[in-house]
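Both complexes shown next keep chain A, but they swap its partner, so chain B is in the first and chain C is in the second.
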Partner chain A sequence: MPTLWKITLEILRQRQNQPPHVELFELEVDPDENVLDCIERVWAFHDRSLTFRHACHHSTCGACGMRVNGVEKLTCITPVREVTHPNGVLRVEPLRNFPVLSDLVVDVSGFFQRMEQTQLSSIAPLSQAKLPFEPNPPTIWQGQRLIDCIECGLCVSACPAANTSTSYFGPAVLAAAQHVYRQTNNPTVMQLVNCADGLWRCHSAYECSAVCPSNVDPAWRIMDMRRATVAHSLRNIFKRPNQKVAP
Partner chain B sequence: MNSRPSILIIGAGFTGCALAHDLSLRGVNVTVLERGEIASGTSGRTHGLLHSGARYCVTDPEAAIECITESRILSQIAAQCIEYNGGLFVALNDQDLAYSAAFEQGAQATGIPIERLSPQQALQREPNLNPNLLAAYTVPDGTFDPLRLALAFAATARQNGAVFLTHHEVQALHADGQGRITKLTAWNRHTGQQQTFTADLIISATGAWAGQIAAMVGASTVVKPTPGIMVAYNQRLVHHAINRLCPPDDGDILIPQRRMVVIGTTSFEVENPDYIPITAEQTEQMQRAAEALVPAIANTQRRGVYMSARPLIVSGSSGRSLSRTFKCYDHEALDGLPGLITITGGKATTCRIMAEKTADLACQKLGLSAPCRTKDVPLRSYRLYYS
Partner chain C sequence: MNQPSPRNILRWFDPRHRQPGTWAFILNRITALGLTLYLAMHLIVLGKLAQGPAAYDSFVALAHSPLVKIGEMLVIAAGILHGLNGLRVAITSLGFATRYQRQLLWASTILSGILILIFARAMFLGG
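Up next is the complex of A and B:
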C-alpha cells in the first residue's frame, strides 16, 4: 500500500444561474493518483450532485481541463503529488473565459464552433501532425495519426487577452488556423483570422504554450501565422498587375 | 411533428449516440438523457482499438466477423477520428508461435485478411518491437479517439433533430395505466431540478449500468461490469496496433494514439462500476506486458493510468470467456414490461450494428418500416455536436 496523503479538495461550485461558492472535501489519497480521480471519487462517494467534464482519462479527449491551484491542468494526467503536499489544499475551479454551466462544467460550444470554422482535420499524415520544426518520425512508412490539439481549452483559460474580450478567437483557434494554412495554403483560413479579434488581439503573453498539455505550442503558431499573413500582404502590395503570386 | 413516434434513450456512450443517429435517420423523435457528459462512462475510457476482429478469430468467431465488418464501415463513415494504420500480431515465444496455425485458420474462417511477416520484415515496419520476436502477422486494425467517435454520432443525430440532455440522471421509470413503461423522472444536475419525460418507447443504452436501470422496474438483465486497466505512455513508439499472438489475455494489446502508446488491459468483475480503484499491481502487470512487446517502454514516462468497465453479457461462465457480442433485451417478452428495451454488451467497434439491431426492434414495436441507413451515411464533423 502506498502512503496516503490527507488533502483538502476545495471545489468552486455553482448551480446554473446562481452565485458560486467553495465547498471543502477532506480526502485520503494516493499521491500518485490524478486530480480527476479525486474529483470522480467525490462524486461517487461524497456528493452525487457534483458536475464535471471527463471522458478518456489519458489526455486524448481534452474534456477534463480545469484550474488546479490557479493553473490550467488536464486533470486526468495531473498527479496529486505534483500540485500539493501532505495535508495540503487542492483548489479546483472551472476553466476561465468560458460560460459556466454548473460546478466544473463549462460551455464549450462557442469554442468548438470557431474551431470548426478553421476546418482543422483531427487526422493528419504523420509528417504533418506535429510541429513543423520537429524532426519527422524515423520511418519511411507513411501513416497517419490524430493531431496534437485535443481542444481542451486550457490555452483559452490561461490567455490574458481572452480575459479582456469575449469576441477574441483565442489561442486554440488561431493555432488551428495556422495548422490548416501550413497544410493547405488556403487563403480563406488566413482571411478568417486576419482581423482585430483574430491574430492581432494576441499580445504575446505565451501563457497558452505554457499550459498546453499536448505539444501544440499555440503561441509559436500564432507568431508563425502573423509572419505568413504579413508576407502575404506585402506580396500583394508589391505585386505588379497581372502577375500571379503564390498565396 | 408531434405525430412522429418518440423514443427516450438513456445513456450517451457509443451505443446511445449511435442509436440516436440511427433512429433520427429513420424519422423518430429522439431524446437522449445522460447523467454525465457524452462518453463519460465506459465509452470515453475505452482502449481505443478499432478491432479488425483478429483478436477474437479463434475464441469468438461471431465477435470477429462483427468486428471486421463494422471496422470497415466505421473507417468509411468515421474516418475523421480514426488512425487507420493497420496492426500486427507478434509471437514472442514458442507458445505464441504454436498459436499461429489456429490464428491463420480463424482469420481465414472469419474473413480477416492477414499476411505473415518474417521478424526482419516486422522490425522494418516497427523498429521498436521486441527484437527477439519470432513471427508477425499484419491485420487491418486501427485506433480511434473515443470521445470524438461518440461526438461524431451525436453530432449527426443532432443535425437530424435528436436532442441530447447531458447531466440528466434518470432516477425512476414509471408505468402507465396499462403497465407500459412510457415515463421517466430525471434529475437535471445543472439546476438540481427534477423533470419527467414521456415517450412511446424507452431504451436503456447504459452498458455496464444496465442492471441498475432495469432494477428500477424489476426487469432482468444479465450484464457483468468487467473492468480493465490501461496505461498510457508518453511516446509514440509504434504506429501499428501491436497485439500479442495468443488467446485473448491481460495486456495483450498496445496501441498508438496521438503521441502516446496505450497498453491494455486486465479483466475482473465488479458489482458497482461507478468508481473502480486502480491498483499498483495491475499497473505493473501492464508495464511488464508492454515491455515484452516494445522494450523501449521501460525508458518511457507514464502519462496516464485508467480503468474502464466493460459491459459483458453473462452466458453462464465468467471473465474472459464471456461473449463480446451484444444483446438487446425486449423487456416486454422477457419480463412482461412493454415499452422498455435494454441494449448492452458489445464493443466500441460494433456500436453501429448494435444500434441497427436495437433500432430494428424499436421500429418493429412502433410499427415503423423505415430501413437502417447508417452504413452509408458519413458522420458529420464531431464539432457540430456543439453547434
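Up next is the complex of A and C:
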C-alpha cells in the first residue's frame, strides 16, 4: 500500500462568458498517480458537472493540456509527486491564450485550422520525423512514424508573445511550417509564415520549447525557418527579375 | 481574461513560473524602454545648447550631483544589458547557436555584470 498524500486540488472553474472562480477539493492521492487521475476522481466522486478534455491517457492525443501550478503540462503523464508535496496545493487552470468553453476545456478549433493550413502530414519517414541534430535512427528499418507534435497547444499557452495578440500564429503552427518546408521546399508554406503575425512576432523567450511534452523544440524550428526565409530573400535579391521566386 | 488581448500588457512583465528566456525578454523590454526614454531626455537637454552657454552651464553643474550620476550609471547598465542580450537574441533568432541560447544568456549576463562593475568603479571611485 503506497503512502497517500493529502492534497488540495484548486480548480479554476468557469462557464462561458462568466467570471471564473476557484473551487477546492480535498483529496487523498497516491503521489505516483497523474494529475489527470485526480481531476477524474473529482468528476467521479465530487462533482459531475466538472468539464475537461482527455482521451488517450498516454501522451498521444494531446487533449489533456492544462496549467498545473502555473506551468503547462500534459496532465495524463504528470505525476502528482512532481508538481506538489504532502499537504500541498495543486492548482489546475485551463490553457491560456485560447477561449475557455467551460472549466478546463478550451476552444482549440482556430488553432487546429491554422495547423491544417501548413499542410503538415502526421506521419513522416523515420529520418525526417526527428529534429536534424538528433542521432539518426538505426537504418535496419526504413519505415515511417508519427511526427512528434501532438497538437496539444501547451506551447501556445506558455508563449508571452501569444499573450497579447490573437492574430499571432503561435509556436506549434510555425514549427509545423518549418517541418513541412524542410521536407518539401514548398514556397507557399514559407509565404504563409513570412509575415508579422508569423515568424517575426516571436520574441525569443524559448518558453515553447521548455513546455513542449513531445520533443518538437518549436523555438529551434522557428529560428531555423527564419534562417531559411532570410536566406531565400537574400538569394532573391541577386536573381534577375524573371527568375525571382516568391516570397 | 484567458484570451490574448492588448489589455494583458502587464502579463509581459510577469516572470512567475517562467523560464530565464522570458526573464531576459522582460529585462530587454524594460531596458529598451528606459534607453528610449533616456534618448528623448538627452535630445531635450542637447536642445539647451541652442539656448546659449548660460542655460547649458547651469545644466552641467546639475549633472555633477550624485543623483544624476546614479541615473547615468543606470543608463550605462541598461545599455550594456540590452546590448549584450540583444546580440544573443539577434544571433539565435537567425538560427545560429539557437540550441545554446541558454548558455549564451548566462554568458551575456555575467559579462554584463563585469562590465557594469568596471564602469561603476570608474565612475564612483575615479578608475
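Going forward, the second predicted complex is superposed on the first by the 239 of 247 C-alpha atoms of A that agree within 3 Å, B and C clash if a C-alpha of one lies under 4 Å from a C-alpha of the other, contacts with A are read in each partner's own complex, and residues count from 1 in each chain.
In this section, contacts are C-beta pairs under 8 Å (C-beta built on N, C-alpha and C of every residue); 3 or more make two chains touch, one makes a residue touch a chain.
Given the structure is predicted, the values throughout are model-derived calculations rather than measurements.
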>> For the combined arrangement obtained by superposing on chain A, do chain B and chain C clash, or do they fit?
In response: fit
> Looking at the overlay, does A:115 come into contact with chain B only (first), chain C only (second), both, or neither?
Replying inline: first
>> For A:144 in the superposed arrangement: first (chain B), second (chain C), both or neither?
In response: first
> For A:154, is the partner it touches chain B (first), chain C (second), both, or none of the two (neither)?
Replying inline: neither
>> I'd like to know which partner A:227 touches here: chain B for first, chain C for second, both or neither.
In response: second
> On chain A, which partner touches more residues: chain B or chain C?
Replying inline: B
> Looking at the overlay, what does A:34 touch: chain B (first), chain C (second), both, or neither?
Replying inline: first
>> Looking at A:49 after the superposition, I want to know if it touches chain B, chain C, both of them or none. Which is it: first, second, both, neither?
In response: first
> On the overlay, how many Å separate the closest CA atoms of chain B and chain C?
Replying inline: 16
> Do chain B and chain C touch any of the same residues on chain A, and if so, which?
Replying inline: none
>> If we count contacts the way the header does, which residues on chain C are in touch with chain A in the complex?
In response: 1-6, 8-9, 11-12, 16-19, 21-22, 24-25, 89, 92-96, 98-99, 101-102
> In the complex of these two chains, what residues of chain B are touching chain A?
Replying inline: 36-40, 43-45, 48, 79-85, 125, 127, 143, 145-148, 150, 167, 169, 189-192, 230, 232, 236, 239, 256-260, 262, 274-275, 278, 280, 303-307, 381-387
> Considering the complex alone, what residue numbers of chain A touch chain C?
Replying inline: 19-20, 69-71, 94, 96-100, 106, 133, 158, 160, 162-166, 168, 202-207, 210, 219-220, 223-224, 226-228, 230
> Where on chain A does chain B make contact in their complex?
Replying inline: 2, 15-17, 33-34, 37, 40-41, 44-45, 48-49, 51, 53-63, 76-77, 101-102, 105, 108-109, 111-113, 115-116, 121-123, 126, 137-139, 141, 143-148, 150-151, 214-215
